[in-house]
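In the two assemblies presented below, subunit A is common to both, partnered first by subunit B and then by subunit C.
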Partner chain A sequence: MKGGKLTLLVVQCAILVFAGPLLALVVQAISLRWPFPSLLPTVVSVRHIVRLLWDNPRLAEAVASSLGIATMTTIFTLLLAFPAAKALGVYNFPGKETIKLLALLPIMVPTATVTMGLHTGMLRMGLAGSFLGVAIVHTVFALPYALRILMHVFELVGERHEQQAAMLGAPWGRVFYSITLPLVMPGALSAATMSFIISFSQYITTFMIGGGRIITLPLYLVPHVQGGEWHVASVYSLVFVVATLAALTLMQYLVRRYYRETYFLSP
Partner chain B sequence: MAGIALIGVTKFFQGRLTLSQISLEVQNGEFMALLGPSGSGKTTLLKIIAGLEVPSAGRVYINGVDVTMVPTERRQAIIVFQDHSLFPHLNVYENVSFGLRARGASRQTVGEKVAAMLDIIQLPDKAQSYPHELSGGERQRVALARACVLEPSVLLLDEPFSNLDINLRLNMREFVSALHSRLKFTCILVTHDKEEAFLMSNRVAVLLDNSLEQVATPEDLYGSPQSLQVATFLGERNLFPGSVQGGYFHSELGHFPCDLPDMVSAVATCRFDQVLLSSTVGDIEGRIIQRAFAGRSTTYKIALKQGAIVTAVCGQQQFVVGDVVRVEVDSRYLLIYPS
Partner chain C sequence: MRHKYTPYLLVAPLLIFLTLTFVYALAYGVIQSLHAGSGALGGSITLQHYRTVLSDREFLVSLGATISVAVIATLISNVLGGLLALIMLRAGTHGKFLQRVLQLPIILPHLIVVIMVIQLFSQTGFIARLVWWLGLIDNPNQFPLLVYDRLAIGILLVYLYKQVPFVAMLAYDTLRGISGKYAEVATNLGASSWQTSTQVYLPLLKPTIIGTSLITFAFAFGAFEVPFLLGTPVWRTLPVESYLLYTNIDPLARTHAMVINVLISAISLTIAGLYFGVESFIKRQQKGGGV
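What follows is the complex of A and B.
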């Protein structure tokens, strides 16, 4: 069928678009020396990669900082997004649409502008240059995405199951753990994933708020790119990809262990 | 001590009046039907009794205790909704046992009670099934089991059978009646189906236009609707406009003795099945303009001389369109209201 073949072509192109750069990274990573105008790298080495990664305490520090800040950001974002998403998704109150718009603002206004404003606040609170400060600012940028996702899920799920659970005598905590959480889990997982990735990829915000004292993986990576050290930059980029994937896989696995895979949202 | 007592319950929703001064007493163990058209606030009333909504004014008592400000989880009232609201991510056993587990019952007690309840609803093999694997009737039975296993004082049913096909509906009505006889909870059944209300309840409360119009036994309600609104709502009634003078109601249908004071405009009503048709007996003459044969009964529309249309339902099938017939209404059946 013509339609089927076209879809297949589109999918294949999409895969190429995503896999291509990754492949390029891998090739760059193993090319120790690839001077212009050679068509192929002149020196290929894998041992160098090991040396780059192993004896590198600053890299390890950067990865740890990224992971730590991203985890904090995810927790803060979820803590804030859950009650807000439930209110916006389930209830009707005056000013609802305005609040929805306000919640989206951080991603509509240019990042550097927002960050400079936040930086002043952070300085005043003594949080500039601290992990907590950076995590808080990351939360500001992750929150709109998490809110949008969770809000849609709450709109779908509604309140009736929670009301039913309450009538059956379950206190609030039980209702949240046994009823709300499992039903919004797909949304919660998406929101957590988005928050983690957003925090992990932050550059300007960490740079400005961290004030040079907080070095995350993107901050560690960028000077190497600017300095033209493709080999090193590619290796660190791959570390970035692997670290992100590992963290997300772990998150999914832990959640799946405690909740059943199959549940349907009946009409 | 009444099972449920409502005193002056009033509810506003975003400025709109949904319930107006509802005062009602449901006896302990009584089965009451709450009858009214869609959107009349019946569901809101149930939610107020169960604690899902707070009344704008008035008080709610369950078993003599003022529960108006008591949160839902501590009241002994459970609603079973039309869409059963079974927890989709839990299987039948987990659904039915949810309330027991939430109250901290021991695993053994839970197991015994749930097994007994599954037997009562005749679904002992479905304990591990999930709601989406069950049929509509089975889901409704599980929803009832989930509520009844907690032996609540008050069970509130919000049009639970409307989504089921007719045979299932009849079965479920019998099932709920049997459950009620057995467990003796105080029950309010919300429905817009008069027949269902009459069949299942000890008393019927009619909610029209945000207020409680009449509370009576099915026989009293059917035979003597207290107001024109209730009579119209119960339907299947003819309406004859007329006036009252000198102790008599005057209309095209004739002149009937009437207790009401003199007034220019009044309405008399009688049920379709209270109109007698004959070729010979009767004061009023009319012509059959429509005939609908439905097996057990035939519905005729008769046009009287001055243009009024009377509907009659009877077992006689012999008249056809165009026949001239004589219409008679026994004055004992005629209910007259000011209009």
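What follows is the complex of A and C.
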């Protein structure tokens, strides 16, 4: 179509550069022996992967903790960001710009710094070492992204449709359920996806606030990276990728089903 | 229909939450860093800890290194990401395919990218093997040290793998939103494709690139896992330095960790302030120039 040979070459190189390393991870995961100069593993096996994954209650627990905390974080984030995004995206009111600024600041300050500041308080409140405590800290870092996405959606959608429905006599709850929600659902999905990914990849926040009692996937993975067990680390990394993709696909599926029901089943 | 206080009620839960967590954390850091005694809160205030930390050579090296790494990562990833977006736009359907591929690095956590970089760039990694097959080296030790190295090349590679796609995706979205009409006008008026790129697309990309620069800088400045796992023993980045002090058994080290945290926050917030200043300046300029 458009573009010359050079353009195409650059695009192909970019595909290689960004997809290639993941392929290398897969090869590393199935390789049992891969000594120095060989470009491909000398001994390949899948059986030991099964052994690493099967009958490994600590891994199962780590996956469950990660999924649980990420789900909690996503729910907290949406509950806090949704109404605020509506106000900041649609209405004009004094103090709006200041609030926007404050809400976006947690992107700027390093996670380790904020977590150290919260650590003692969390210990005193009895939240350290609990799933709730970890999810609360993750929420601080997911909020700015979710808020930015939702704010943008509300700015585009505005309030006209809701006003029309309200003028025609629809009660508040019905306006929200039948007008607002379907309109902002794609944005809500992006915000949820972002929150989920942020929570799923947290390391130092979980490590400090969890106090060693809560082991998520990244915490389970890091010792193997530090110990140079590349093969084990690659297998667990793939578990990580699969779990993330599965959760995101489920979210997308739920939203799609929601749309089908909203548009075909309701009058 | 809508009450005057509705917007405030809607933002209240968010504000209360951020005050109890984020604002509390920063305030706690400031109070601890000024604390004179080693007992409970209260007592006198001192700047002694700041003097100690700021005159420490190790801290100054960390500070310089952290800022340098963040600035370099930001510059390279935004330039490459912006260029990649322009190329994707010209590549048509191939560009759309690349867009799908680029979602991958965005989803992958830094931790896994760290593993990938070690696999590819360590002295026994894939690249070293390729170089061996090409006959350029005889044994792994001859391959340059690219991870755990003093120049933080391994750390930079992780940031670039994550951030170039991030910048490219956002810039590509922006370009697709504006592309058609302006580019056509420019071409009709006789602009070459190079001129269209530099004089039409680039200025329109400016707000997006300023935004992504802020986010990429903030990340490269404050990341923990990446320098923690890939860093050289010669120097540490500030977040790693402050974490190691925080977990030290000496209570004074903990106070010094808080001093470093306050300084980190001050730098981060200053840059955020600059960003919002520039952003509002651009908005005003566009409004003024557009009419």
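Everything below uses one rule, namely that the second predicted complex is superposed on the first by the 243 of 267 C-alpha atoms of A that agree within 3 Å, B and C clash if a C-alpha of one lies under 4 Å from a C-alpha of the other, contacts with A are read in each partner's own complex, and residues count from 1 in each chain.
Basically, contacts are C-beta pairs under 8 Å (C-beta built on N, C-alpha and C of every residue); 3 or more make two chains touch, one makes a residue touch a chain.
Because the structure is predicted, anything quoted here is derived from the model rather than measured.
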First, second, both or neither for A:179, with subunit B first and subunit C second: first
Which of subunit B and subunit C A:8 touches, first, second, both or neither: second
First, second, both or neither for A:166, with subunit B first and subunit C second: both
Partner chain in contact with A:131 - subunit B first, subunit C second, else both or neither: neither
Partner chain in contact with A:79 - subunit B first, subunit C second, else both or neither: second
Partner with the higher number of touched subunit A residues, subunit C or subunit B: C
Residues on subunit A lying within both footprints (that of subunit B and that of subunit C): 163, 166
List of subunit B residues in touch with subunit A within their complex: 50-52, 71-75, 77-79, 81, 83, 85-89, 98-99, 102-103, 130-132, 146-147, 150
For the subunit A and subunit C complex, residues of the former touching the latter: 1-3, 7-8, 10-12, 14-15, 18-19, 21-22, 24-25, 28, 36-39, 79-81, 83-84, 86-88, 91, 93, 96, 99, 101-118, 120-121, 136-137, 139-140, 143, 147, 163, 166, 197, 200-201, 203-204, 218, 221-222, 225-226, 230, 233-234, 237, 240-241, 244-245, 248
Touch list for subunit C against partner subunit A, complex: 1-2, 6-8, 10-11, 13-15, 17-18, 21-29, 84, 87-88, 90-95, 97-98, 101-102, 104-105, 107-120, 124, 126, 129-130, 132-133, 140, 161, 165, 214-215, 218, 221-225, 228-229, 238-240, 242-243, 246, 257-258, 261, 264-265, 268-269, 271-272, 276
Of all residues in subunit A, those that touch subunit B in their complex: 160-161, 163-171, 174, 178-179, 182-183, 259-260, 262-267
